[in-house]
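Quick heads-up: structures coming right below.
Next come two complexes, and both contain chain A; in the first it sits with chain B, in the second with chain C.
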Partner chain A sequence: MSSPISYFFSCVFVIIAHGAMLFNAFQNGNYESVNDVITLCAAVIGLDAAYFIVMPFFKQRTYAVDFMLLLILNMSNIFQSCFGGVHLDLKHFITCIAALVSCRIGCIACRNHRWIQDKKKFVWVGIGVLMVVIFLFCGSRSMWIDLGFMTIQPSEFIKPLLVLACAASISEQQNKHKVLCFNVVYENLILFGIVAAVILFQWWCRDLGSIPTFAAIYASGFLLRICYPKAKFSKKTLIIAGSCVAVAGIVAVILAPPYVKDRLFVDIWSDPDGNGYQQSKALIGIAEGGWFGKGPGEGFLHNVFAYESDIVFATISEEWGLLYALMTVLMLLVIVAMPLVNPPRSYYHATMCAGVCAAFTVQMALNIFGSCNMIPFTGVTLPFISAGGSSMVTSGLMIGMIAAAQSPVFKNPKPKKSRKQAKRRTS
Partner chain B sequence: MESMNLVLCAAAAAALDICALVLILASYSERRSERKAWSKISADMELADQNRSYALECDEILIGRHASADIRLPDMSVSRYHAMLNVTDGKWTITDIGSKSGIYVNGVHVQHVRLYDNDIITLGNRRLIFRKRRERN
Partner chain C sequence: MKSIRRCQHIMTLFLLAFIAGIVTLTVRINKQAPFYMSHSENYELGKVYDRKGDVLFDGSGNGDYPNNHFIDVGNLIGDDKGQMENTLVAQNIDSLNNYSFNSGLVKKGGKAAIYTTLDHKANRAAYDAFMGADGCAVAYNYKTGELLVCTSLPNIDPSKGYAGLENMKSGTLMQKAMYRTVPGSTQKVSTVISAMEIMGQSALFSKKFSCSGYYINKSDGKIDCHNSWGHGEQNIQQAVENSCNPFFAQLVEDSDLPLDRVKEMYTKLGYAVSDDETEAEVGYIDIDGIQCEKASTKLTDSSDFSTQWGCIGQGKTLVSPVQLMMWQSAIANETGKMTMPHLIEHVTDVNGKTVDTAETSYSDALFSSSTASAVKQILLTNGANHYQYSIPGYNVAIKSGTAQVKDGAEENALLVGFVDDTKNPIAFCVVLENKYSTPAVAENIVTTMLNSLCG
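Moving on to the complex of A and B:
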């Protein structure tokens, strides 16, 4: 277990960081009553304290990822609560707690890579079930399922499952089979089939923004597989795979629907009230915010559609300043870079961490560069910072995977009892 | 008021920076404790030949001639992908993964066997000793 002194100082500095933000919101923020600020402070500091007390009960050897996650989640909580006026955003606060819970679940489930590797068929089935759910309840009509009191985006839940599927595929690399004149690993074919199906499905559902994330997860798994010694990967295969990806990319751009092509080549300043509305407003917001921002709750971007999700980077820049927005991004990069400090001890965990890192980096790049008009606007969420329950829960699960790789368990799963043995014992 | 705003923003940003730094330092200190935990899991063993020793820092280690092998033995008598070392609960095993010259542990030809302290592993013309890790000066 990590030393109590380091644990104590981590707790203190997380509270100081949140305290400084809350004091800034109190001094410079736009609020109607001080009670709004007090409620926000109580929620943030209360969640910090509760997590510090609960964390040691999960007997881990490392806690840095958990502290980092808590730091980011409560930062996000403060940001979201300050947009358009300081008051606690209860919905976002609840989703933050859900993200912390899902992080714990992800961590516990993935600590023993041999156990989770054994469950890979359930992972495949999980992806299949989610695709059926999308087919039946979402399709090309909408990306969300409306349950009345909340909406769920099922495609988000495919991301952590895909990370696990990619990581699990690495164990079977030495089992090559001769098919015609090719040496084939069945596991790789299954994984490729799953990824192709997921990407085509997302295309059909018009959720094109999440395709790069799925592709990045698969690509990271693919690259790690090349580095995996047992795979005996040849340069020829790598060149063929690279060429196939390039051809697929060109074909995708040619066959893209008209509304996608519009976004690819849109000039936002010639159409500031149409296709370029959100991006032009986001850029104006970032420019007006400057380095130190207008002050929490003082911006105008909260009047623009998707200010709390798709252009959240611009909204933070406007109210808190570009410096703070960039530091938020830095925090996200630090949390996914934690495996560099404390490297994983198994290929499974290494592949899992690479998949999570790829997914987070691509999502961050799409969101930030998209809202700054450096790439086409996709509407992808910024992990943990954007509002949205499905995104928060899946991001929490994925960070839980990184936490699992930091304090792994190496135990063989219990052998499965055959039915005959079980019957004999009962009789 | 404008300067107050600036100072508070800078202070909040500095607090965040320091917090991130503290957490990164905490992560480094955890790395030390994690190393200790790993030496317990791996029974603090290493592989050594005449010239050098190889740390066993992963639960699955490939020995072979290929550049991508975790322990690379550049010798034509060693297959490109020769043997795999695995650890569970402090018990190390070695498995032949289709080598041409096979694996000999203490002179006995094996396919898959548990390793003990001071076992001598022969892969082609190379002899390795599986032993407790020694502190380097």
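Moving on to the complex of A and C:
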């Protein structure tokens, strides 16, 4: 259990960090009325305080992940509320709360690895259901389902399920079956089939940005599989797998539709008003911001499409400075790297953490490097920082998995005795 | 536990790859930020100043300047509009970028600037002395290399824009001092230096050739002298003062002056020397990013008509006024080494901090000190005997030239030399195009320029 003293000082640290940001917004920010700043302060500090009170009700070995998550979410809340002018972004604030809740759900659901492993068929079914939903309501028309009051991106929810699918089938590695002259693990084939189906489906849906994330989740699971258990890395397998990936990549580029090729090979500075619009503006914004930024709400990037999601790294850099944007990324890395400091207590949890780490790093890389023109711009979200409820909730779920790995449950829950049985024993 | 560690290794792999990417991104942004800023609407260039703080270029575009304030330096200083590439601003645009990533965007008040060595007042005086005629004037301190005057006509005030570009006179957008022109008899200075290095001073001074107004060379080519009555028998000093073409034609034909050695000497001086078999590539002298063309000539045979004219200053010989002036520094300093000219005195960054300061540099020795001293004496004598009234008040070493251009339809007047004065060590070159079509006189331009610089 975390000691009360460390818990208290962690609370103080989070409050000071958010307080410093809010002070910066007050001092250097662009706002019409000071009430806007006060409202934002109340929301941020209020959420901090509420979470500090609620957290101890969930008994855990450590609250490090929770503190980090709260720190990042309220940073994100402040960033989003300051873009273009300081005022509370209520929608983003609500999605931050949703992320905290989903983190808690993810943590509770994954604490007992035996329980969640038993539910792996439900995970497969869940992925299938989501694909059917995408097929029926999204397809190649749109990535979102519009519910009127909110939009949902169903493909986001496949990510945590895929992490679970990769982790849940890890224990089956010993169950090899002889098929022709091959030793086959059925679950591996099923998993491969699921991933292939998801990727092809995303291709069909023209949601190419999320394919690398799915591929990374599977790649981490695959790497763990080929070295399980007590095994050496099979160089032959690695070479074959690597070659397959390379061939698949080349074929994908060749077969890619024209709009994808345009994005892959665009020279943003020769087409700054076309395919290079967002990236060139993002880079100009970063340059104008310098290390220390122009001030909260003082930037111009809030006039650019997807400033709060796809190019959010640049928008933060412009207003808060590259230093702050890099610190935010560092926070995200720290929370994902937490299992390196506090090792997961079971192999199942470790596999899950590896999947989450793969998903987060690839998604962060796609967002940051894509918007800065280092790699093709795909338009994926930056976990917890970009606006978007679906991304927030699924990212929360995945961080919940990391939190679960820090405070797992090993014992099987004891079967509850009925009152009649108890009476019999006493008599 | 081993399996868990393996998971951690894979996580570490992902995290390290990402961190490597972030580090690369940070370095890249830091390096390329000025380029990104050049596409920004908030992009603002700094100013260019002359040596006394007068503005020569204002990147903000908001300054209030007198009409045609920049007309004398327009095609040297240039601007960022992309019409003139071989200019100070175009070649040093990064130094003028009122931005650094460390400081971020500085709205109004960035102090990025280039402080030049130019004297705007003297430059304007020289420009006005042309009285509207075409040509160029260039002067620099032959001790320090500071370029003091560099103007050419026709010129443009870039702050007024480029409307009517197609109707502008040829050469408006180029600083003529940086480009090769026919040197006329100023070329004889190079020939004297070469002859002195090859033959030795005593042998050269002992040479005497006769001029009867023309000379029929060994290949039956007729080399005319500007004095149709002839100069009679002369030595090298008299030939230089008289600028006698037949003397130099006979000197080139002389067996004591093998053409191969002349070619070597010319190449050492910086000429791209071609002959019948080879075509030499013209090089450039870099003056703070501005490319100045190096000299070129074609020498085939010592008795060849064109070769002899090449050594006299016509034929295929072309030299830029700046290079003519630079050779004068090697003579004036009596070292045989050229003082390399520079235009930028120092540069300040966006915060006003000096980031780059000029230092005087010299070329390798082109010829010996004794040759430099001897040639200096010849030119000083020429100045004392022929220019003490037309360029009064200055102890000038000088050589004039008349270059026939456009197939002889026009004649350009050239004056190249230096002031032999430790307080005002100024070397100069003036080219007055089509001298008979203008009331302007090259000597007056030199005098006006020197008066402004030394006054």
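Everything below uses one rule, namely that the second predicted complex is superposed on the first by the 405 of 427 C-alpha atoms of A that agree within 3 Å, B and C clash if a C-alpha of one lies under 4 Å from a C-alpha of the other, contacts with A are read in each partner's own complex, and residues count from 1 in each chain.
In this section, a residue touches a chain if its C-beta (ideal position, glycine included) is under 8 Å from a C-beta of that chain, and two chains touch if they have at least 3 such contacts.
Keep in mind it's a predicted model, so treat the numbers as computed, not measured.
Engineer: Determine, for the superposed arrangement built on chain A, whether chain B and chain C clash or fit.
Structural biologist: By the criteria stated at the top, chain C and chain B fit after superposition, with no clash.
Engineer: Counting only touches as set out at the top, which of chain B and chain C does A:F292 meet: first, second, both, neither?
Structural biologist: Touch partners of A:F292: chain B and chain C.
Engineer: Is A:G321 touching the first partner chain B, the second partner chain C, both, or neither of them?
Structural biologist: Once the two structures are laid over each other on A, A:G321 reaches both partners.
Engineer: Looking at the overlay, what does A:V304 touch: chain B (first), chain C (second), both, or neither?
Structural biologist: neither
Engineer: Now for A:I284: first (chain B), second (chain C), both, or neither, which partner does it touch?
Structural biologist: A:I284: touches chain C, not chain B.
Engineer: Between the C-alpha centres of chain B and chain C, what angle is opened at the C-alpha centre of chain A, expressed to the nearest 10°?
Structural biologist: 110
Engineer: Applying the touch criterion given at the start, work out whether A:V163 contacts chain B, chain C, both or neither, answering first, second, both or neither.
Structural biologist: A:V163 contacts neither chain B nor chain C.
Engineer: Regarding the shared-chain residue A:F67, is it in contact with chain B (first), chain C (second), both, or neither?
Structural biologist: It touches chain B, and chain C stays clear.
Engineer: Contact-wise, after the overlay, does A:F369 reach chain B, chain C, both or neither (first, second, both, neither)?
Structural biologist: second
Engineer: Should A:M401 be classified as contacting the first partner (chain B), the second (chain C), both, or neither?
Structural biologist: neither
Engineer: Contact-wise, after the overlay, does A:M131 reach chain B, chain C, both or neither (first, second, both, neither)?
Structural biologist: neither
Engineer: Note down the smallest distance between any C-alpha of chain B and any C-alpha of chain C in the overlay, whole angstrom.
Structural biologist: When the complexes share the chain A frame, the smallest chain B-chain C C-alpha distance is 5 Å.
Engineer: Please identify the positions on chain A that touch both chain B and chain C, taking each partner from its own complex.
Structural biologist: 227-230, 292-293, 321, 346-347.
Engineer: Touching chain A in the complex: which residues of chain C?
Structural biologist: 2-8, 10-12, 14-15, 17-19, 21-22, 24-26, 28-29, 32-34, 36-37, 39-40, 42, 99-105
Engineer: Taking the complex as given, what residues does chain B use to touch chain A?
Structural biologist: Touching chain A: residues 4-6, 8-20, 22-31, 33-34, 37-38, 41, 57-60, 62, 64, 66, 68-70, 80-81, 84, 87-89, 97-98 of chain B.
Engineer: Which residues of chain A touch chain B in their complex?
Structural biologist: 1-3, 6-7, 9-10, 13-14, 16-17, 19-21, 23-24, 27-28, 61-64, 67-68, 71, 75, 114, 174, 227-230, 232, 292-293, 295, 320-321, 323-324, 327, 330-331, 334, 338, 341-342, 345-347, 406-407, 410-412
Engineer: Can you check the complex and tell me which residues of chain A touch chain C?
Structural biologist: Residues 216, 220, 223-224, 227-230, 269, 272, 280, 283-284, 286-294, 321-322, 326, 329, 333, 336-337, 339-340, 343-344, 346-347, 350-351, 353-354, 357-358, 361-362, 364-365, 368-369, 372, 374.
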